[in-house]
Amino acid sequence: MIKIQKKDFNVENEIKTIKDKYSSIGAVNVFIGFVRDYNDKRDVKFLELEVYEQMAIKELSKIQQRAIKKFKLIDSLIIHRYGKLYVNDKIVLVVCFSVNRKNSFEATKFIMDYLKKDAPFWKKETYDFGSNWI
Amino acid sequence: MIKIQKKDFNVENEIKTIKDKYSSIGAVNVFIGFVRDYNDKRDVKFLELEVYEQMAIKELSKIQQRAIKKFKLIDSLIIHRYGKLYVNDKIVLVVCFSVNRKNSFEATKFIMDYLKKDAPFWKKETYDFGSNWI
Amino acid sequence: MKIKYFAWIKDITKKDVEILNSNYPKNIEELKKYLTLMYPSLEKHISKDILRYAINMEYNSKNPSLQENDEIAVFPPVSGG
Amino acid sequence: MKIKYFAWIKDITKKDVEILNSNYPKNIEELKKYLTLMYPSLEKHISKDILRYAINMEYNSKNPSLQENDEIAVFPPVSGG
């Protein structure tokens, strides 16, 4: 499942919704990205996250399907937020559900690596003085 | 932080408690182990998880401190349950908090690998007929 | 043809989207010429090959022919996650 | 000396813990002899080197001398997580 949304998400609830469907899941690996206070030597006040939404859904689905096949996942969830996000806000959630732990780790890493490379999202950081597309 | 407990845990709340302390955290990797319905070709009904509690705390602290140092973590949390656990119940939670994502992934994997090898926990599986220490 | 602009490209073009009718670029090379002509500040980024081009929401590194009803997107390297 | 047993070792010894006073094993090799004598079913596991021994909650692969107030633990390979 792919979700592109403005609103926050609850990690426990998001995992539970999928986990409840499959008793065969033994391992779940999760990555959560947060807005941090300090990047590239500057204090960040907030981010504006822009997305090319239809293409993001298409790209993330493609990456997720490759991960599911390559690492024999039972299921996977990607949530990526957009809009104005403050320090300590969550940005992204990737969850990979599998029978054994090794595959869940490798799949989450695989998805994050391709997401960073190909998913059409852009961050604009605002500092005390000025702002910058990163 | 290390917790050895009978009761379940809420992943969102456990992460939030630590995350709220540090605005420098950008990446959180999480592993959750669940009791699955099928292991070693047999249908599992429930597990009994035994622990040598004082040694488990000592070993897990040692593993966690090594991970924090090796992967420059901001913080880390390990929760391991014991007692009677049913299919779909959570068994273990490992969370690694860092500035960048690569370290959080590697640290969680490192902790899980050593936990599986050294932490004094033992599982007894009960099937429709009989049971087995694994 | 619809052309969409994202992130700081949009700050240069001063628009999110534009529609071209009969006189649309017939391939990516022609698109680059069009962008250079219309938005001179984009030239250095185009010549350094920094921009990415998506055709109907798919990346494309070749120089395929473009159709009148295509949706083209022009954007800088992505930075999500 | 306190000796603790875990998992299926406990099913063989029929106890979680035992206390030895004056006549306690002075090192891990003596402990193995003691276990073999008291619990003959453990012999094959000891000879195959399957069991693990912790001294005061630390793994120990050498054969250090044991003290009267030590807590020893005898257990099979772990299977948590």
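Letters are used for the chains, namely A, B, C and D, taken in the order the chains are written, and counting of residues starts over at 1 for each.
Keep this in mind: a contact is a pair of C-beta atoms (placed from the backbone, for glycine too) under 8 Å apart; a residue touches a chain by one contact, two chains touch by 3 or more.
Nothing here was measured: the structure is a model prediction, and the numbers come from that model.
J.: State which chains count as neighbours of subunit B and simultaneously of subunit C.
T.: A
J.: Taking each chain's centre as the mean of its CA atoms, how far is subunit A from subunit B in angstrom?
T.: It comes to 22 Å between the two C-alpha centres.
J.: Need the CA-centroid distance for the pair subunit A / subunit D, whole Å please.
T.: Distance between chain centres, rounded to whole Å: 48 Å.
J.: Just curious, how far off is subunit D from subunit B if you go by their C-alpha centres, in Å?
T.: Each chain reduced to its C-alpha mean, subunit B and subunit D end up 26 Å apart.
J.: How many angstrom lie between the centres of subunit C and subunit D, each centre taken as the mean Cα position?
T.: It comes to 72 Å between the two C-alpha centres.
J.: Among the residues of subunit B, which are close enough to touch at least two other chains?
T.: If we look for residues of subunit B contacting two or more partner chains, we find 33, 101, 112.
J.: Got the subunit D residues that touch at least 2 other chains?
T.: 81
J.: Hey, which chains are touching each other here?
T.: Pairwise, the chains that meet the contact rule are A-B, A-C, B-D.
J.: State the interface residues of subunit B toward subunit A in the complex, per the touch definition above.
T.: Counting only subunit B, the residues touching subunit A are 10-13, 15, 19-20, 23-39, 87-88, 99, 101, 104-105, 108-109, 112.
J.: For subunit C, which residues are in contact with subunit A within the complex?
T.: It is residues 4, 6-8, 11, 54, 57-59, 73, 75-76, 78-81 of subunit C that touch subunit A.
J.: What part of subunit B is in contact with subunit D in the complex they form?
T.: Touching subunit D from subunit B are residues 33, 49-52, 54-56, 58-59, 80, 91-92, 112, 115-124, 133-134.
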